[in-house]
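Working notes, structure below.
Each chain gets a letter, A, B, C, D and E, in the order it is written, and its residues are counted from 1.
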């Protein structure tokens, strides 16, 4: 079938689906969802901001798996092969480099603040990590020679750090705290903070490596 | 007697299973070890079966072994008189056929594979014989398909592949139908052991149609291997297999498994009274009669010797079904005793066919002229077995015909004797001519592939000895029919009738 | 019903994004567009989730927000793997569109 | 097992064992005559009503010796002995001598066994053994004529056996016990069963419509074989009738039927015999005629139960007489060319005239024994007696025709060992001596003038007719020649024509499904091929991304539709 | 229902060990092979322990981090989950053993271990998770790990197959996520148990059910959406395709079954169930038919997976048949997983021995010279067809029994006909082994690999006797409503 009628058909079907979705959502009841019980249990989390509490305390297991997804993505891209030299067309001229020389420290600072602010307001590991990753990417783009990244082992440890720390703390919850992925009472704020910083660093490193799109080092066999 | 010695049954199964599996992994040239394993397994199995025979006959022990397969469904091995009849047949004939096969396949390739599957097949047959309920029988029944398919393909020629494909199509179809039927029956009546007069009578009134449909499915499932009329055409095609395969499988193991299954279903699942009440016996009899006549007619017109024997098997196995469908003790005795007699006689015929083919390269009945001069002993065995098939006394075939006749009269269908007569006539028409031209004719053309010329014996001793042994066995079964350990004696023991003088109530007459 | 009314534009746009993404994913052969379409569908779903959270009278329910954050991160990593694969496929397919039939495997 | 019982079992067992031993030993076939000794011993020494019972063998074997079977056994034993001795000389240098003697001994065992059998199953077993073994004798020479005779004989033997089997099984079921005594007494007058038995045994006894194999088999078989075939084996049919046909009023129909068939056989035998060219065929027709008389006697015995015992005794004597005389004639014909005329005249003349009923010979006594009970009772059997007498005359004509055929060839080849002459002469002597040693009183009674005349006039009439016939044919020079196996010759021709007619129709012979199967097979294979291509095409089509994605959306809508419809939207 | 602490420990450790193993293998790939072996043995023992726990104390819902479900995430350690964990552990153990001989020791091979352990961790998380959104994340983990495994062999076909697999996977996940969003909008709760209690039959619930079901059917390769499976499983390395066919496809089916047993049980209308069953039957015949016409070993086995998945979907029409109707299909998962894994391993052996070419004609020669692998192929094939003495026979028996007790006899006919079709293509696979002519043993294949393949085939036979135990374990699943 040439594309013409097929796209029409798919368009029609999608429109129909849209109508269904709207009609379904139209008569869904309004409810407070879980926010009431979240507010109620905030006291024990040692964190002020409810989203961070949900993310890192109530549904900590989700976040662990989510960070695992990022790590697995990196491993998957590495298993596809080596990344070619980047970028295809380096950015010439002093403006980029000059600007970046001031911008990157600022970005790192904001990232750090975001991680810290996560405890009380909106922010946290992922947001901070994202900003750090952005600065990393800009740095890689600006200085196009082979990026002098740390040795493969270092990279691997760095990427795995976030998940490893979170898992270690989760396992510690078994004997000490209220079971797996539970923080021992009173310790939750400190632990959440460590998890957040480790997660932020790992995510930042992972995103930069994902941007590179392959193994940034020469393996034994791909000569 | 409480059930004990269940492990004896497992031991009997293992006597062929264990050597079978080990033989698979032997290299081709480990000839001595393979022969030893084969023979040891066969002899040991016969010894165990004899021990069982004595146990059941003299002390009346019951042997039972069960392992749970599914909640409410067990794998049960039980040795009652009927199962011992079939088991002893398979055990003795396996011993004989192993010797024959070793002689027949001397120097041919892939013998480890052959003997491996050969032993698996016998363990499946013995498993069917000793199975205590329908589920176990179904399991061994399908295992038999798996074990026999490679044997049909053994030669690897294109037509053996075609035969294998057809064989597989039929038997897999039969297996599936049987599986569906057994599951349905288990759902209806639970998986219960075989009992003397069946265990379905309680269900009859309200599950009437279901039971009839089930009966049809069960008979169709077993009928495939028993080569009943519409499902028989795999048997003549499977004749491309080597002689020992067609001898043991298509004369004894496979075909008898089907017939044995039908006997079990009619006697021990439905029970004769229920089957008669449901009115399924009459169509079964008509099916058996149609197969008998059709088989004999096709045999008459087929020139190839083994194909003729195959069609004769198709017709002869339906004697057993006819006997069972006569719904009387005498008819059933005739059918059951034919289970053994036909096995022994047919295996003699196949051995002789194998000898003719192997020694003189004779494949067609027309080429049998003057064989009597060159291979008198084999032709004598062929004559004995041929006369037995026709039902000439004192051979074993006559005993069957006699009891079937009496059974027919006893159940009021006297006209069935006409069928027996027609079938004997047809048998005579296709067995006597080859025998006659064998003894008195002269060879049309010189035998091209003549082997063993000038040997002391007319052919390899491992081919001749088994042939003569089974021929004498066939004669003995006929001649000494009333002895307690003869098939007729054992069948009378099964039905609790005094052996001899096939009419009820007539004591065997005190010896002088 | 009043509260759900004022959330209507967000539900509507969420659904619209989802459907547009689906349509583009289905019809456009170009791999990059497919990956983008996949992200559009993702954001459409997240929009629906967030508008469900924002419907309430008080401040929005935190759980959907956490779900959305997790969803975004997962979407990013999936997109990254898809792009890496696409880069590897580019020389093989000689164009970024999925071939009509399968290469004779 | 008492001595009597062992002796009785040895009667059939001796030839069986010898037959099994024969192929092994080099010259063992020379011992064949010894196999008869147990039978002779049993006839002479064993008392009446000796019983033997082997419960283990077959379905319980029972043997017995009673006056009737003693007579038959005597005839069989003497005849088989003589033939065996004759065969030693006749077939000495035949290449297949061992094979002949094996089948000879098996047939002997069958014959002797069925005579002493006291159980229906045993009778049937030995009957089957005898008829199948004798096939080996008939086909021995492997000439075209022999094969033709064999196929006919085999076909009729198998048919006869099966009829007998069915009849027997019906009777045994009715009575519930296969022992012959009870069968004869208690068997219900079941028309079907009895007629099957009559037909089954009739095929062996050469009853008229079923006699076709006799004239074919006798010339084809070697001399000793045809002697025994005609002398002893066809008597088995008569013996079977005696054992198995129940007596009683209800059997009157069967009786008359037998009588008519018997007389017809007697006459047919004579008429067809006279027109034959070869002496052995002539003798075959003479056997048919004699058996016809005996069947008639049997019919009378069945019809009139009160005459039963007397007639049975007469039949027994008749069997012995005919057996020995016919045996002598056959053996004589065999060596006619090596014997000088006077010996031949004596050796053949006496038995042939005895057959015709010459006074002072066993023939006269046999016929008179047969007639006296008829004359004695009040029923008027005059018509039957007349016909019998005329048949006797016919036999006389036949015998003279036989002598005319055989005597000219006397002494041509010379030689001929004593081993062949002795048994022949011995049998020939039996004709005059038999009445005296059987029943001297009756033999004396025969000498009375009345009895002499009743025996003599049919003979004289026969001689007169023979002379007239001889003169007529000499002048007219017409060669009337009836082909051997009269009716069979017609059947064969009709059969061959029928087969050719069928073969010409192409439709019938091509296997019905031939082309149909081939076409069906080809169509199936083609269909399968196209189906596979279309499926692969559909699969490749479905693999395109647009189709997959579109299918996905469509699938969502379909499922939602079904849910909506199902849950009552 | 509140789980005692040991319920949580078993479930937790079943998540922690594979995750830790995956992390270690990721960081230290050179020692990946030994880490993987240790992890697989450990996880197998844990799975046995969990099964024993469920067998004795019965099913448990365990809340993570001490937060009770509406707030926190609950793990469901019941009969169904324990059974699937056992199957995953069994297949994982044997695939591990097999991979020791399959994966080369050089750099390229090392990545397999980490990806495999990630897949195993993801599957364990998937089987245990009791939260709808958490299932989404585990599904994503499975998709990424599987894509990487498919793309591992690096050929053009493999990369394209991986891409197509990823696309379908993501499309399915996105539809699933929209379903989750609808559920949350409707009920505001994510835990399976709580959602089941709320139930409801509004359009939102219906649409959520549709979206999630179709998404999962795409990932489980049910008939119309199966086209990505044959190239993916065909071109992946043997241990990878064994895992994909035996476990990954079953994961999607597991979630679908879980949803229809709990969340959507009110929607389980006979019409829908018959539709799903019907598509299952279509898949059986289409898969069987395509296997018959495949001329290479791996596509033939891959299409056979498409067919066998069809059998699994028979669970849905039996859902309404009465209590425990769906147990038969779940037991079939075990039967198919073991048989299919063994078939793929044997196919791998033969392909490598035949120098990478797996055309049926040329593989036959190698078959004849390798009795061990052909024997394993025979037994696994027999188990697939459902011939006696194999776990396949027991599975087919229970399936037929349920079909007949549920009164819908035509499913029984479908199962039997499907069995015949399976028989056709399995014996087409085995046929060449009996052709005459010399066998060519081809390239050397490590004995360990052939040994492991045969061992798994023998496990297929041994499991045949575990029928009643398996059923009893599956039955320990608390399900309210019809499917209970």
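Going forward, a contact is a pair of C-beta atoms (placed from the backbone, for glycine too) under 8 Å apart; a residue touches a chain by one contact, two chains touch by 3 or more.
All of these numbers come straight from a predicted model, not from anything done at the bench.
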* Identify the chains in contact with chain D as well as chain E, in label order. => A, B, C
* Structure fact -> Neighbour overlap between chain A and chain C returns D, E
* Using mean Cα positions as chain centres, tell me which chain lies farthest from chain A. => D
* Sort the chain pairs by how many C-beta pairs are in contact and tell me the top one. => A-E
* Averaging the CA atoms per chain, pick out the one whose centre lands closest to the mean of every protein CA shown. => B
* Would you mind checking which chain's C-alpha centre is most distant from the centre of chain E? => D
* Structure fact -> Separation of the C-alpha centres, chain B versus chain C, in whole Å, is 69
* For chain A and chain B, let me know how many angstrom lie between their CA-based centres, rounded off. => 74
* Asked: Can you give the whole-Å distance between the Cα centres of chain B and chain E?
  -> 44
* Intercentroid distance (Cα basis), chain E paired with chain C, Å -> 28
* **In chain A, residues with contacts to at least two other chains** => 3, 6-7, 10, 14, 17, 20-21, 25, 28, 31-34, 38, 58-59, 62, 66, 69, 72-73, 76, 80-81
* Can you tell me which residues of chain B touch two or more of the remaining chains? => none
* For chain E, residues contacting two or more additional chains -> 133, 137, 140, 144, 147-148, 151, 164, 167, 171, 178, 182, 184-185, 188, 203, 206-207
* Structure fact -> Inter-chain touches occur between A-C, A-D, A-E, B-D, B-E, C-D, C-E, D-E
* Asked: For chain A, which residues are in contact with chain C within the complex?
  -> 3, 6-7, 10-11, 14-15, 17-18, 21-22, 25, 28, 30-35, 38, 50-51, 53-55, 58-59, 62-63, 66-67, 69-70, 72-73, 76-77, 80-81, 124, 126, 203, 206-207, 210, 213-214
* To do: Can you check the complex and tell me which residues of chain C touch chain A?
  => 3-4, 11-12, 15-16, 18-20, 22-23, 26-27, 29, 48, 52-53, 55-56, 58-67, 69-70, 72-74, 76-78, 80-81, 83-85, 87-88
* Structure fact -> The answer for chain D against chain E in the complex is residues 532, 535-536, 539, 542-543, 545, 548-549, 551-552, 555-556, 559-560, 562-567
* In their shared complex, at which residues does chain E touch chain D? -> 164, 167-168, 171, 175, 201, 203, 206-207, 209-211, 213-214, 217-218, 224-225, 227-228, 267, 269-272, 275, 286, 289-290, 292-293
* Structure fact -> In the complex, chain E touches chain B at residues 371, 375, 382, 386-389, 393-394, 396-398, 400-401, 404-405, 412-413, 416-417, 419-420, 423, 427, 431, 434-437, 464-465, 467-468, 471-472
